[in-house]
Amino acid sequence: MALDQFLVQTVNGLVSGMILALVASGLTLIFGIMDVVNFAHGDLLMLGAFVGSGVFMSSGNFWAALISAVVVIAALGALLQVTTLRPLLGRDPLTTILATFGISLVLQNYALWQWGPSARKISEPITGQFQLLYLQYPVYRIAIALLSAAIIGGLWLFMKYGTYGIWIRATTQDRVMASAMGIPVPVVHAAVFAIGAGMAAASGVLFAPMVGVTQTIGLDFTLRAFVVVVVGGMGNLGGSILASIFVSLLEAYASLFVSPAQAVIVSFIVLVLTLLFRPTGLFVPTPK
Amino acid sequence: MLSLREVHAHYGKSHVLHGVTIDVGPREVVGLLGRNGVGKSTTLKTIMGLVRASDGSVTFEGRDLIGVATYRLPALGISYVPEDRRVFRLLTVLENLRTGLDRAGMTPERRQALLAKVYDYFPVLRERRHQAGGTLSGGEQQMLAIARAMVLEPKIILLDEPTEGLMPRMVGQIRQIIEILNKEGVAILLVEQNVPLTLAVSDRVYIMEKGAVRHQATAAALRADDAVIHQYLGV
Amino acid sequence: MTSATGILRTDGLTVRFGGLTALNNVSLSVPPGEIRAVIGPNGAGKSTFFNCLTGVIRPTAGRIVFNDEDVTGLPPYLISRKGLARSYQITNILPGATVLENVRIAAQSRRHNWRMLRHHRAYTDVLDRAHRVLASVGLDGKAAELAANLSHGEQRTLEIAIALATEPKVLCLDEPTAGMSVAETHHTVELIRHIATNLTILIVEHDMEVVMGLASAITVLHYGEVLAEGAPAEIQANARVQEVYLKI
């Protein structure tokens, strides 16, 4: 294994890691605040890609596609939370898992009905390649990673310093006390679900030029996002970002030795080891 | 101002409040005494909508509170300092205060003024303003919890056992805080097991037992004759 | 202050959680047949004490001697088998099973054998025992009723019946009248008096009327230590105890 290959895989790992982080952050945020395991997350990503592709086809503008997908899916997310999940608040967690699973099935079939089985395409907004060691590396891939990092960075800043960021963090830590302080908890819940959905949609559009747009692109992400959320610590934003990069790098390196399809096994090995030895998350301080 | 009439409440099947009737007038300090498990905290939680009243009425300034979502109560003028304080452990002291400061209708000037006032009363909070709530000592957390309730500029504060778990010398500080709050015109419904403190700061006192109010009197009357206190709180 | 004749005895029982000392050198001895109340203000260590006795927590130091046998550190199921039963503050019944089944399962635990293929109805002695226990607590009429359909007071009574079905020598009751109305409380006190005839009972309670009405002896805990011990009248006359209750 040459150093060149290692470096290239490092770049690949970082790029996929950032996109996975974008998907996983939304998922962990949703779980952290309302204890909802959102099985429909990957489908929101997929719908975002479809909406984006629709806007792209009519306008030819990638950025318009990205923004409209985010807005539409965020609104859909809020609507779903209010109609389906809010009434289930406080019940057995199994009920919400079933509910989001049901939503997932509905969304997948809706997409099939609406857009049909053929794949769509979104062209990358930044074409061209640059010389990365021995490879011609698409500039767009680097751009995705940077954009994802920017979005996550923006989210982090919002959570840390924004007024509503404080509301979200307070509600995540103690929903009852947040209520007693006048924070409108139901609204915060809907907003967080919308943010998570929006981030998933953004990942869908960003990733679309690389893989095309079909009803199943969400599935691959959902599974790995769950792995990352558990490894990073459920509800822990920083942890899920680090875990995304960690797991993606490991997979990238593994693909030097085995096929990429087999390299996925690496994430599951990490998942099992985490659950056995550090079930609260690898990147979470040891619980006292 | 705050009126409970024959309030009943359940925790699942357990019937914990059996017809509680309590009044708190504007600017009054009213004490609620009783042994462990008699339903004092539950009474406060029922007012706050954290426990659903199964019968009776809870009104504030004439407005029915039963069924009103908890998060609407601060806007009506009710704030709450729970037993075990419940500061937001991962938020800094300042962020804890901001959960109350950053509400609708607040201008930056008012926020600054409120914050300055709170820091004035609790200098230790200014010192520790960038420290996480969970790293504060018990007494400091209690002050933060009270300060957090204060910045909501309430008409009434529901205080649940503020001296519990605190060292005896802090009781004096709590007493001072209650007196200051009252001087500012805030009414207080104080749940406590500490009898001397309660008698010292309250205007009137209710005594609860087994989920209902068994006795009420002015604090002055109880200070003069504490036989009732011994009966309901002693051994 | 230990006496060698107690059916249940603790010697210097100490429990520390990190820097916090929940129980400090608690030594007491309960003679057989006594109803002993353990009282104390909030945080006195009463729950920790019960949890120690029943094997839920391991003490940091000290011994627990039950029926002249050192049971310190034994797991809860073994302690239960030896004859120390406990009822809980939060109802621990099986809501989906009938009243009879709840008690039968507890009674069956005392008939331990490996013949797994026998139908439970074949254990007539177990069934008889279950019915007798239900009769002794006044729930025999509701034997076929689903436990979830009982009123709260009846469910607490069922809890006691379940503990009784294990044929204990010592019964630990953890706040048996918590959340009860005055009427339900009186009923429970009568029930406890009734079953106390062949039993030693330890009871943690906050309701002083219940304590004074039932207990033959009282141990007062305060900040994890034994503050006072004696007959109800002595405890009531003890100024320090009154202070501790009224000033804390």
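In order of appearance the chains are A, B and C, and numbering begins at 1 in each one.
Note that in this section contacts are C-beta pairs under 8 Å (C-beta built on N, C-alpha and C of every residue); 3 or more make two chains touch, one makes a residue touch a chain.
Being a predicted model, the structure only gives us computed values, none of them experimental.
Undergrad: Count how many hops through touching chains it takes, at the least, to reach chain C starting from chain A.
TA: The least step count works out to 2.
Undergrad: By mean C-alpha position, what chain is farthest away from chain C?
TA: Chain centre farthest from chain C's centre: A.
Undergrad: Could you please state the distance in Å, as a whole number, between where the Cα atoms of chain A are centred and where those of chain C are centred?
TA: 52
Undergrad: Rounded to a whole Å, what is the gap between the Cα centroids of chain B and chain C?
TA: Whole-Å distance between the two chain centres: 34.
Undergrad: What is the distance, in whole Å, between the centres of chain A and chain B, each centre taken as the mean of its C-alpha atoms?
TA: That gives a centre separation of 42 Å.
Undergrad: Over in the complex, which chain B residues touch chain C? Could you list them?
TA: Checking each residue of chain B against chain C gives 11-16, 18, 35-38, 164-165, 193-196, 210-211, 229-230, 233-235.
Undergrad: Per the contact definition, I'd like the list of chain B residues that touch chain A in the complex.
TA: For this pair, the touching residues of chain B are 48, 50, 69-75, 79-80, 82, 86, 88-91, 95, 98-100, 102-103, 148, 152.
Undergrad: Which positions of chain C touch chain B when the two form their complex?
TA: Residues in contact with chain B: 39, 41-43, 151-152, 155, 175, 178-182, 185, 206-208, 220, 235-236, 238, 241-242, 245-248.
Undergrad: Show me the residue ranges of chain A that touch chain B in the complex, using the header's touch definition.
TA: Counting only chain A, the residues touching chain B are 163, 166-167, 169-170, 173-174, 176-186.
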